[in-house]
Amino acid sequence: MLKRTLLGAIAICALTIPASAQDAYVVGLTGALTGPPSSTYAPAVDALGLYIDRVNAAGGVNGKKIQLILEDDGAQPSKAAANTKKLITQDKAVLILNASLSSTYAPVIAETQAAGVPLLFASSVCPKSVYPPAEPLQFCTTGFAANYDSQATLDFIKARAKGPVKIGFSAMAIPLSRGEIDYAENLSKEMGMTPVDKEVIPPPTADYTSFATKLKDAGPNWVYSWAPWVTQVRTLEALRKLGWQDDYVAWGHLEAESELSRLKDGKFFVVNSNALFQEALPIHKEIEEAAKKAGSKYPAATMAEGWIAGMAIEAALKGAGWPADPAKLKASMENLKVDTKGLRGGPIEWTKDNHFRTKLYYRVYTWSGDKISRVQDWKSYDVK
Amino acid sequence: MQLLINIVVLASIYALIACGYVLIYRVSRVLNLAHGELMMFGAYLVLACSSLFAGHPVMALCAAVILSIVTGALVYIFLMRKMTGEMVLAAILTTVALGILVRGVVVLVWSSQQQYPAQALGISNPTFTLPGDGHISLWSLVLVLTNLAAYGALFGFLRFGRWGMRMRAAGQNPLLAAQRGINLHGVYALAWSLSTLTGALAGILMALDSGVTGSMPVIALKAFPAALVGGLDSLGGALIGALIVAGAEVLLIYYVDPLLSDVVPFLVLVAMLFVRPWGLFGTREELDRV
Amino acid sequence: MFRPTPRASGYFRTDYAQDLALLQTRAERIGLAALVAILVTLPFVATPFLLDLACQVFLASIGALSLMLLTGYAGQISLGHAGLIAAGAFTTGILTREIHAPFWLTLPASALTGVVLGLVFGLPSLRLRGLYLAVSTLALHFIVIYLGGEYETKRGFSTGILIEKPSLGGFKLTDGRAWYFVLLIFAAATLLICVNLLRSRSGRAWRAIHARETVAEALGISISGYKLLAFVISSAMTSVAGCLFAYYRGVVSIEAFDLFLSIQYVAMIIIGGMGSLLGALLGAAFVTVFPYAIEALLKLLPNVQKLAGDIFAVNYASFGVVMILFLILEPLGLVGIWRRLQNYFLLWPFKYKPLAGTRK
Amino acid sequence: MAELAIENLSLRFGGLTVLDNVSFTVEPGELMALIGPNGAGKTSALNCISGIYRGSGAIRLRGKDIAGLAPHDIARLGVARTFQHGELFPQMSVLENLLTGRHARVGTNPLAEMLFLPSVRRAEVAHRGAIERIIDLVELERFRHAPVGALPFGVQKLVGFARALALEPTVMLLDEPSAGLNREEREDLARFILRIKQELKMTIVWIEHDMQMIADLADRIHVLDYGRTIADGKPDAVLSDPNVLVAYLGTETVQSTIVQATPLP
């Protein structure tokens, strides 16, 4: 029992890192940089880092640099909580970013609320608490968001379908995805479609064919999936292997662009709130160059999400002035308009009770012939 | 028809993985919980080899297979050899630790993005339509055939091969086998190589069919009930066990609730453990002697 | 257990009750007092981050002690530990969300859940041994996680069940320091319960079953009874740890209880040293602190931010390496190292103990 | 009434008949030796009595049939035993081994033990006292705190003997207690066996290969061969029984050597 003291001493020696000098805006991030779901988050965090580096290289914000501290939580709630605590108490971060699985939200929210530090969901799905009426300290820039995504997708299906729609659903067996698909199923009924089958697929699955068989045998002419990319695309591939040739819609995660060109499937649609790099806007070129220069290991096409978060952070810090504290930052974020320069259909606007955005924009892409093409241009939804 | 194909394919996956568990358990009474990770490692080796032998998919695949055999032997020589004679639990935990290590290394080297070895090799995965409107993809078909070939070869090898005989002897009574001049370390290393080979084959073929991510080892965990239901020391049992578990899983997904597919193999397993803990075809363990 | 080393010229006692005392020499009493003093002052000097780490260590200690009781002493292998922690956490979560149950209700309720699960999942131990038992406890894990996931989804708590901080006698437990003491007390109580059990009839029965089951039975020990008892007590304590975990984090979600957590607990008792309560504590501290220590080390390297994405993987890999090193080089675990150090200083300048067996 | 009566006990493992209609009785306070060549079924008979194996036939303890009871229930009725190879708990000290042997006599419940209530403390002290008396009896004082695994084999066998005594049994089943002991240790053992017989009035069934000791100490001898009784009676009569000699040596030609080696009382 005496040994605990010894251990304590070792721990103190090993872990007491001197707090960094406060001559920069300290922004802390806890994210799933590694671990199974990291493919959705890691590229975005990488892009965010690139953006902040550029801002710093150009002289920073209000003459001060931004210090971005990354902590990996591997999508584990406990680790995310510990990270947040450390970022707030030890690094004195004025803003916390979450780029991780939804299971980390609750502990991170609890920590930030206790400390009164604003929390920005960047590249992780927007929780309902940022929708109006928003929780005072929570904000979100992420493209995908529960309920609105399904609304937009089903609208797209309705508009595109010629006859009656028999729709099948595919979700991953995680609460978030299941919840959204349940919502979509109800909504589809309201919109006059016939839901025929819903497959909830456990994450570790050797062979998706069994699920696809059931889905196919239910006879849908549309299938909608809102889940991590693996589930979306493997369900599609399994369906195609079984000879199902109808239309499939899924959410356009970061991987969407490269995957569309890999699959070359003209009846596979991705609903997206970010403009794909195929559009080759000036901002896209900019991101590509930055990624190339930094030698990033992720393709530029996966970086829009992180870039947008970077823009929002820059704007928020600018509004907060120097020295920034969490309260000033919160005030600045409550009244913010970020120009996304075409990465999104319109600006991100936050108000006192809407920390999500006042208008949402969706585009739909697919593969046609030899390239990715747009099948529906920005369609906007008001957030109330 | 499609259901039948699904069962056969899934059973082949499980069986090919399960025979790796059986090989090692039968020879050394150690349960290799790193089997899933070694399987995934095999799939990633294809990725590595595809860039090494760009444009020669056959060469790359062969290289990956050979490398995985070597990996198995190295694991035994540098790690498990130290554990022979130790508590069985310690040996099993060593494999757990090995698994954790391999997972970490794989993420470090290849990141945790979904990867497509088939694309890297430049080979496609067409689908065949069978009579009765059943569909099967090329690599699933290859997997089923590989599985049959692997089992055939293993049966022949254990029954008639010189080293196969030695493996059986070592499994039944290591002390006696050693006294009769059988090189136990050689036999164990061989078992590890063969087990890693079959595991890697399963991993490679699955990766060719549908890509590979860091979460692949979980599949091996689900193949584990198959090995146990059949009896951990029986090859034939693993085949039957895989059929039972795969059958239960596919039928439950289709007729009851897809969510159950995660739990059911283990429920089957628990039921089996209550009725016949040593499995359908396994050997019953001896009574304690005092 | 911590049987004292003979100081100076040996033991001098006049009745058997003195032999049962936990602290026998003045040095031990002083040592304990010093330890208590350090543990009490720590929260007033440590940063909140360290405080959080200490709390995690205490939580892990409760789990590791109960697993040590089951595996290290009673010899029943379990891979369902994460499932049991989840069971306690979900009991707490469900009770607070559904009926706003207070702390004094959820805690015993969690313990009760543990008792029931311990009974159910102890049953296979009557027929199964070793490996096979481990596999059946694995099934427990999957079943608990499945049920928890169903509850979360059906009730729409897709990002986890939020739990209010508990209040004790009108005092709300929000402060990190208060939590430190609460968890310290729980960990100390668990330790005391384990020590007490092990120095009386049940503890001896478990160790006998572990060593030689058939012989133990011929001595009059009911094997099934004591195996179930071990499962029940261990599961109850584990579930209590789950309950505390839920309150401490303020949230319950299935993702927090994956198979890796079970493996971590097994690693704790192995790295700490099988068959030693001290080992469980050392192992819990080691495994909990390890990832943070690796991170801290990596951060000393130049160009850290570029490495951020790899830290977790490095952690993972090095955790595997450390486990392998312990299994191969030091099967007695941290406790083995500690004892060797202790002997080294006790016997200095000699190298070997004069009489084998004066200590346990 | 006989203390222990075995009636028509048979035991089969698969096709192998280990015990075939064995019957014997042991009177209270009697020391009965159970002998026979290797594989005759002696240990199996003890295993049946203590419930580890389940044979067919009746096993009566003071008239009550205990066949089919679980081993721990049989132990609670006062049947203790030692094992051929000691079968001690090597990590535990001599004291703990003995206290474990006393398990059935300790009545504390786990809830009280968790808190180590005064009642538990009192019980522990009391039982420690009882154990100390046994330690005195078999002269193990020096090794009290030593882990058993580190002790010499001879001492370990004695600890096994003491552990059986700790149960305070009425019937002792000794499975080759002298195997592996040297001359001196055997003499000690003989002394202890006589003491428990005389002072504690214990009924003893004793498997032994040392004919000398048996001839000196046993009240009666029961001989098994291939699972069958071939002789039963006073030592001198049994040890000169030609059947027994054949069973042990296979031929009658060496008969004289045995007779010579068997001192008559």
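The first chain written gets the first letter, and so on, giving A, B, C and D; residue counts start at 1 in each chain.
In this section, a residue touches a chain if its C-beta (ideal position, glycine included) is under 8 Å from a C-beta of that chain, and two chains touch if they have at least 3 such contacts.
Not measured: the values here are computed from a predicted model.
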| item | value |
| --- | --- |
| Fewest touching-chain hops separating chain A from chain C | 1 |
| Chain of greatest Cα-centre distance to chain C | D |
| Leading chain pair when contacts are tallied as C-beta pairs | A-C |
| Chain at the geometric heart of the assembly (C-alpha centres) | C |
| Mean-CA-position distance for chain C and chain B (Å) | 33 |
| Between chain A and chain D, centroid-to-centroid distance (C-alpha), Å | 74 |
| Where chain A and chain B are represented by their mean Cα positions, the distance between them in whole Å | 36 |
| For chain B paired with chain D, centre-to-centre distance based on mean C-alpha positions, whole Å | 50 |
| Chain B residues counted as touching two or more neighbouring chains | 107, 221, 259, 262, 290 |
| Shared interface positions of chain C, touching two or more other chains | 214-215, 218, 310, 312-313, 316 |
| Overlap residues in chain A, where contacts from two or more other chains coincide | 34-35, 38, 42, 173 |
| Complex contacts: residues of chain C adjacent to chain D | 3, 15-17, 19-20, 193, 196-197, 199-205, 207-208, 211-212, 214-223, 229, 233, 275, 356-360 |
| Contact set on chain B toward chain C in their complex | 31, 79, 82-83, 86, 88-90, 92-94, 96-105, 107-108, 221, 224-225, 228, 232, 259, 262-263, 266-267, 269-270, 273-274, 277, 288, 290 |
| Parts of chain C lying in touch with chain A, wherever the complex brings them together | 2, 31-32, 34-35, 38-39, 42, 46-50, 52-54, 56, 149, 152-153, 156-162, 174, 191, 249-251, 253-256, 278, 281-282, 285-286, 289, 291-293, 296-297, 299, 305, 308-313, 316, 338 |
| Residue ranges of chain C touching chain B (in the complex, touch as defined) | 77, 124, 127-128, 130-132, 134-136, 138-139, 142-143, 146, 150, 213-215, 218, 259, 263, 266-267, 270, 310, 312-321, 323-324, 327-328, 331 |
| Touching residues (chain side chain A, partner chain C) in the complex | 1-5, 7-8, 10-12, 14-17, 33-35, 38, 42, 45-46, 49, 68, 70-72, 74-79, 81-82, 85-86, 89-90, 101-103, 105-107, 110, 114, 127, 173-176, 178-179, 182 |
